[in-house]
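Paired with chain B in one complex and with chain C in the other, chain A is shared by the two complexes that follow.
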Partner chain A sequence: MKQKVKRGKVVSFNKWGYIFLIPFVVVYVTFQLIPLFRTIYNSLFENYMANGGLVQVGPNWVGLKNYSSMFKNPDLWKYLGNTMLLWIMGFVPQIAMSLLLGAWFSDPSLRLKGTRFFKTVIYLPNLIMASAFSMLFVVLFAVGGPINSVLVNLKILSAPFDFMNSIWGVRGLVAGMNFLMWFGNTTILLMAGMMGIDTNLYEAAEVDGATSTQIFFRITLPLLRPILIYVMITSLIGGLQMFDVPQILTNKKGGPLETSMTLIMLLNRHIGISKNYGMAGALSVILFIVTGALSLVVFRFNTKTEK
Partner chain B sequence: MRSEVAQKNEKGLGVGTRRVIAYTVLIIVSFLCLFWFYVLFINATRSNGDLNKGFRILPSTYLLKNWTGVLNGTQPIIRGMFNSLFVAVCSAVLCTYFSTMTAYAIHAYDFKLKKFMFTFILMVMMIPTQVTALGFVQQLRDWKLMNSFIPLIVPAIAAPVTFFYMKQYMESNLPLALVEAARIDGSGEFRTFNTIVLPLMKPAISVQAIFTFVSSWNNYFTPALILKEKKRTLPILIAELRSADWLKFDMGQVYVTIAFSIFPVILVYLFLSKFIVEGVTAGGVKG
Partner chain C sequence: MKRKALALLLTVATAATMLVGCGDKPADSNESSTPVESNSESEATPDSSVEAPAEEGKVLNIYCWNEEFKTRVTDHYPGYEVVDGTHGKIGDVDVVWNITPSDDNAYQNNLDATLLGQADAAADDKIDLFLLEADYALKYVDTPYTMNIKDLGITDADIADQYKYTQDIVTDSTGAIKGLSWQGCPGALFYNRQAAIDILGSDDAATVQAAVKDWDTFVATAADAKAAGYKMCSSVNDTYRVYSNNVSSKWVVDGKINIDDNIMKWVEDSKVLVDNGYAGTHDLWSADWSAGFFPEGKVFCYFGPAWLINFCMSKGEEGAIATDGGWGITEGPQGFFWGGTWMAAAAGTDNPSLVKDLMLKLTCDKDIMVDIVRADDDFVNNKPAMEEMANDASYSSDVFGGINPLSYYVAGADSIDLSNLSAYDQGCNEEFQNAMKDYFTGKADLDTALETFKKNVVVKYPELTY
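After this line comes the complex of A and B, so read on.
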């Protein structure tokens, strides 16, 4: 019906569809698409600064050699492992907490008061400047900082703990910060999904004598699966981009022995410091392919909800 | 029947107990979210000597002194704030205006490439800016746009996520009959967009303006690659504070510098939290 109305009356105006698209297309092509092709082009050349930035080597055409040498380099796999580990350490508690809070917020039988206040509070860390938040954690968790002083005073620790020089100290802080910054967002998303579930199902289950735990695992969770997958994939894409928190927390060094060095930190190092454009290009292309494949899943989710 | 249900429910926990557990967890979690900012605030009001003695629960009186200390310090944080503010405000304005325009193009008109464009924008929605950063920086070098705000502001015009939100909002809130009525009254297409569509989109525009502002204000990766000296924004200054030998600094001033980057957003949030939280729910897509 809608289609017919448009065809009948609007047809002569339809060139305006193109006109209104011009700004987007022009800006997207100049600032995203051309840079993307340029990045891909770069990955096929040997191009870096040698002798501590004094001599430029290249650009020389090397074909796919950058890729093969990148994959042979154990560092890439180590940083990929770090990125995934940091993401999982933050994501698992995040999804568990979000499911729990979402279930409580959307459970009419609980009748929780002040849910708006709680939602507001748990969403807050998401808006905080990640770099300043990380710097705050650096200062608070320093050897002479307030957290250590409280822990020592409460006799939880016998001596101050040097978080920044401990592998799991840094990893724990990165994961903890990611958890804090994202669980509120996830809770709100999951809650919206839970609100959409037909309440008749809950009532029927209750009449049949199901406990709230049974209802959660047998009804809520299966029906929530599409949204859970969506949340997981978007979070994974975000996790692959992890940069601000570990970069500031470890002062660009990636923590003790680079155990918290992520892929984007490596990319940043290639572009900004070592000016190894060949490697930066190859790494970007790989990240592009991986995120592109992941976002196809998100794309299918979005087009499904369209209909 | 009713008693039967009640009996069966006794197998699980009662509503009262579950409510107590829920409140306890919520309070702990809220504490975890707020604690850091509380300590930040308290410590920003204390003197360096006092801070070295350890943790305190109540504020002290050194806030103003720390603040003047920061102003006279080596880091240009007022300038950094204005830089951040300028970039963030311009991005928010351009992003919301042009994303609404793009969404309107797809929503209100029928043309050959419509389906292709819509699919294309959705496909590229999740691609991170970092993967194009190398080519982006090289291009800026060629175009003499390094150390300029333009490459941080203009790209906001093409924001697929904001576009998608606007498009969703239009589906349920922008009746095309209204647009046609304007046409019959002789309003040009561009004028219709500015005087009729934009005002109707106000709620969506304000939500997205806040999100764009905040993500630009917080942005660190791209600005750090292109901005130098006088053009540095707050996240870059924070990173430089981290690299400096900050343990030797006046700690009160370190806290004030951090607070200065964090509290403006918290203040805005206190007033607008209702829209923001609803915006997240409605949008559904905010990676």
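After this line comes the complex of A and C, so read on.
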């Protein structure tokens, strides 16, 4: 009898575990899992609003036709290329800067003053909404804007430079904004990883006469790998979903010749006036597969040389 | 290994969540797919509201995108009482204002969803009156969702004093008028008087008109403007509206995208303007575009209706040309209009006589309309009233240094012919200007730019081909 009661108690504790999980599962299923499958389902139908939004067409079953017309569109690859390029242009300086800052901040022998203050400051750009940030840049970099007048007055430029009409001007600004917004976040993540490294290793290396460059590349970097993988994959996913910054900076156009047009901007066009759920769904699924594949590549690439 | 597998799984799961942003929209396609049936239902019963119900509804639902119409009703409709920010009262009928900003198509999205459910909605929830802009008016006008004003009991005699173009915009393919406007927005050419003296030697309106009387002369004058250190106009997008209001064919013919000759004339002229540095390619409303509101911006002219110069050209700011009364006005190369708001009665309304009265009072009652001109500086949709005021020496405008500009607007208003509007104008005009910018700046050749335009229009309107 007594034993039974005891077992009952154990069971009821397990039960609480499940009960605590319920809110998460409910939210996850309603807002993520069901929409996920519905997206895939929707991508197999012709389903849009004609005449600018008042006449419903479909849903008609069309099988994989949305996918084939998506793949036939040469712009899909162009936009994918743009997206990747914009991400890499922002990510490379971001990770380099973050590693450097992280190493400095986490190195007690440097005795840096005010690290707490600077950690806050570098994180601040991330607190501004991306859209507000881009609107600010639109004004700052206008032909008659403050940046141009400073550059002209300092005689760096002879005439104002039209950033928004230059392919690399727009790409550079998008990458620059992403860099500014995210390097603080990455620094803090990497720093957390660096602080977790046993200080004995550093001391031992110093005793053995290792230079600081050697310490960084031989000790810090290899031990930081799990965090680095995490940073790279989350940043890659974020990069592939890049939308708000180029959308607002280029006023929905994607810059000159659509060279800063990203995949999500295309998706946004499809669900804009025509609410074309078929094509938008197909694009989402393609993006899903691309992201999965690229994440796998990054993951493999980073774990292969572990031994 | 197990850990690796777990990490991989987690990565993929994280990646999976990215679809959520895209996924939640398709999910509600569920709801929007139901109106298919309701759509056909409402098509079957569009005229059900013709016979006014003996007892009319107690709630009047008005859909609009800003406070402007609400202000007009509050100030000028007899018997309107304000209850709070989004509610009012006319007699014993509650007026409910449903205001959705038009940014990012939000107003139309909201309106579309509600109209598609109109047939199934409870009487008090049905839209009774909604507002339209010219760019997309036909999208609603050429459907059974809007009511013929004749069915409301408004006669030709009632609307005889209105400008014809304001009725063209809301005339459907069978010739029925589906909406009315209290505003007229005919445009004119505003020129910087100092610039006119520097370029042409005189700021007299007749001299300026001679220099801009048609597009070839306009482009020729642009060379003189450059010699004198001015841009002819701020951006080539300034002139677009003037060309596109004077087309002889529609954007879409038999489901195919069609580019009118006058639009191609804009491309041709604009290329010359941009290549020679006579004009920029800025978007309207951008900081660079509005630089010419001030003398240092060195811009010769802008195109626009009364509201542009009265409310949007930095009047009141120190140093602005408008503040110092330094603008002149003339008709320009072609007549055009810009803006305006139309009232349309929603099919299925349970308050037809109240809607009719709102339309009659605000768009046909000369006394109320003159009040609107005096109180709100609007250009109203009433020919005799505007002509009277155009000849009234006591009415003058300080942005033009004290002349009465109305005669120039009035002259343009009569010449506007809008028989070639289509339901696709908004998207086509927007994408066309976007795509041509690459051509003007030399980044793309003409064929590539046209291809980009057509491709992006088809994304917006998947039923079209090219």
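What we mean here is this: the second predicted complex is superposed on the first by the 244 of 307 C-alpha atoms of A that agree within 3 Å, B and C clash if a C-alpha of one lies under 4 Å from a C-alpha of the other, contacts with A are read in each partner's own complex, and residues count from 1 in each chain.
Going forward, a residue touches a chain if its C-beta (ideal position, glycine included) is under 8 Å from a C-beta of that chain, and two chains touch if they have at least 3 such contacts.
Quantities reported herein were computed from a predicted structural model and do not represent experimental measurements.
Enquirer: Report for A:I273: first if it touches chain B alone, second if chain C alone, otherwise both or neither.
Expert: After superposing on A, A:I273 lies in contact with chain C but is clear of chain B.
Enquirer: Identify the partner contact of A:L257: answer first if only chain B is touched, second if only chain C is, both if each is, neither if none is.
Expert: In the superposition, A:L257 touches chain C alone.
Enquirer: With both structures fitted on chain A, tell me whether chain B or chain C touches more of chain A's residues.
Expert: Larger number of chain A residues touched: B.
Enquirer: In the overlaid three-chain picture, which partner chain does A:V231 touch, first (chain B) or second (chain C), both, or neither?
Expert: neither
Enquirer: Between chain B (first) and chain C (second), which, if any, makes contact with A:I248: first, second, both or neither?
Expert: first
Enquirer: Quick one: classify A:S295 as touching chain B (first), chain C (second), both or neither.
Expert: It touches chain B and chain C both.
Enquirer: Is A:M97 in contact with chain B, with chain C, with both, or with neither (first, second, both, neither)?
Expert: first
Enquirer: Touching A:G209, do we find chain B (first), chain C (second), both, or neither?
Expert: It touches chain B, and chain C stays clear.
Enquirer: In the superposed arrangement, which partner chain does A:M49 touch: chain B (first), chain C (second), both, or neither?
Expert: A:M49 sits against chain C, while chain B stays out of touch.
Enquirer: Check whether A:F137 is in contact with chain B, with chain C, with both or with neither, and answer first, second, both or neither.
Expert: first
Enquirer: Quick check on my understanding: which residues of chain A belong to both its chain B contact set and its chain C contact set?
Expert: 31-32, 34-36, 38-39, 42, 138-139, 142, 144, 234, 237, 240-241, 251, 264, 267, 270-272, 277, 280-281, 284-285, 287-288, 291-292, 295-296, 299, 303
Enquirer: Which residues of chain A touch chain C once you look at their complex with the stated criterion?
Expert: Residues 31-32, 34-36, 38-39, 42, 47-59, 75, 138-139, 142-145, 165, 167, 229, 233-234, 237, 240-241, 251, 253, 256-258, 264, 266-267, 269-277, 279-281, 283-285, 287-288, 291-292, 295-296, 299, 303.
Enquirer: Which residues of chain B touch chain A in the complex?
Expert: Its residues touching chain A are 4-5, 8-9, 11-13, 15, 18-19, 22-23, 25-26, 29-30, 32-34, 36, 39-40, 43, 52, 54-55, 98-99, 101-102, 104-106, 108-111, 113-114, 117, 121-139, 151, 154-155, 157-158, 163-164, 176, 180, 183, 189-190, 193, 214, 217-218, 220-221, 224-225, 234-235, 238-239, 241-243, 246-247, 251, 254-255, 258, 261-262, 265-266, 269, 273-274, 276-277, 280-281, 284-287.
Enquirer: Can you check the complex and tell me which residues of chain A touch chain B?
Expert: Going through chain A, the ones touching chain B are 5-7, 9-11, 13-21, 23-25, 27-28, 31-32, 34-42, 97, 100-101, 104, 109-112, 116, 118-125, 127-140, 142, 144, 146, 149-150, 153, 180, 183-185, 188-189, 191-192, 206-207, 209, 211-214, 234, 237-238, 240-241, 243-244, 247-248, 251-252, 264, 267-268, 270-272, 277, 280-281, 284-285, 287-288, 291-292, 294-296, 298-299, 302-303, 305.
Enquirer: Which of the residues in chain C end up touching chain A in this complex?
Expert: 4, 7-8, 11-12, 14-27, 29-30, 32-33, 35-36, 39, 105, 108-109, 112, 115-116, 136, 139-140, 142-143, 145, 280-283, 286-288, 291, 423-424, 426-427, 434, 437-438, 441, 443-444, 452, 455-456, 459-463
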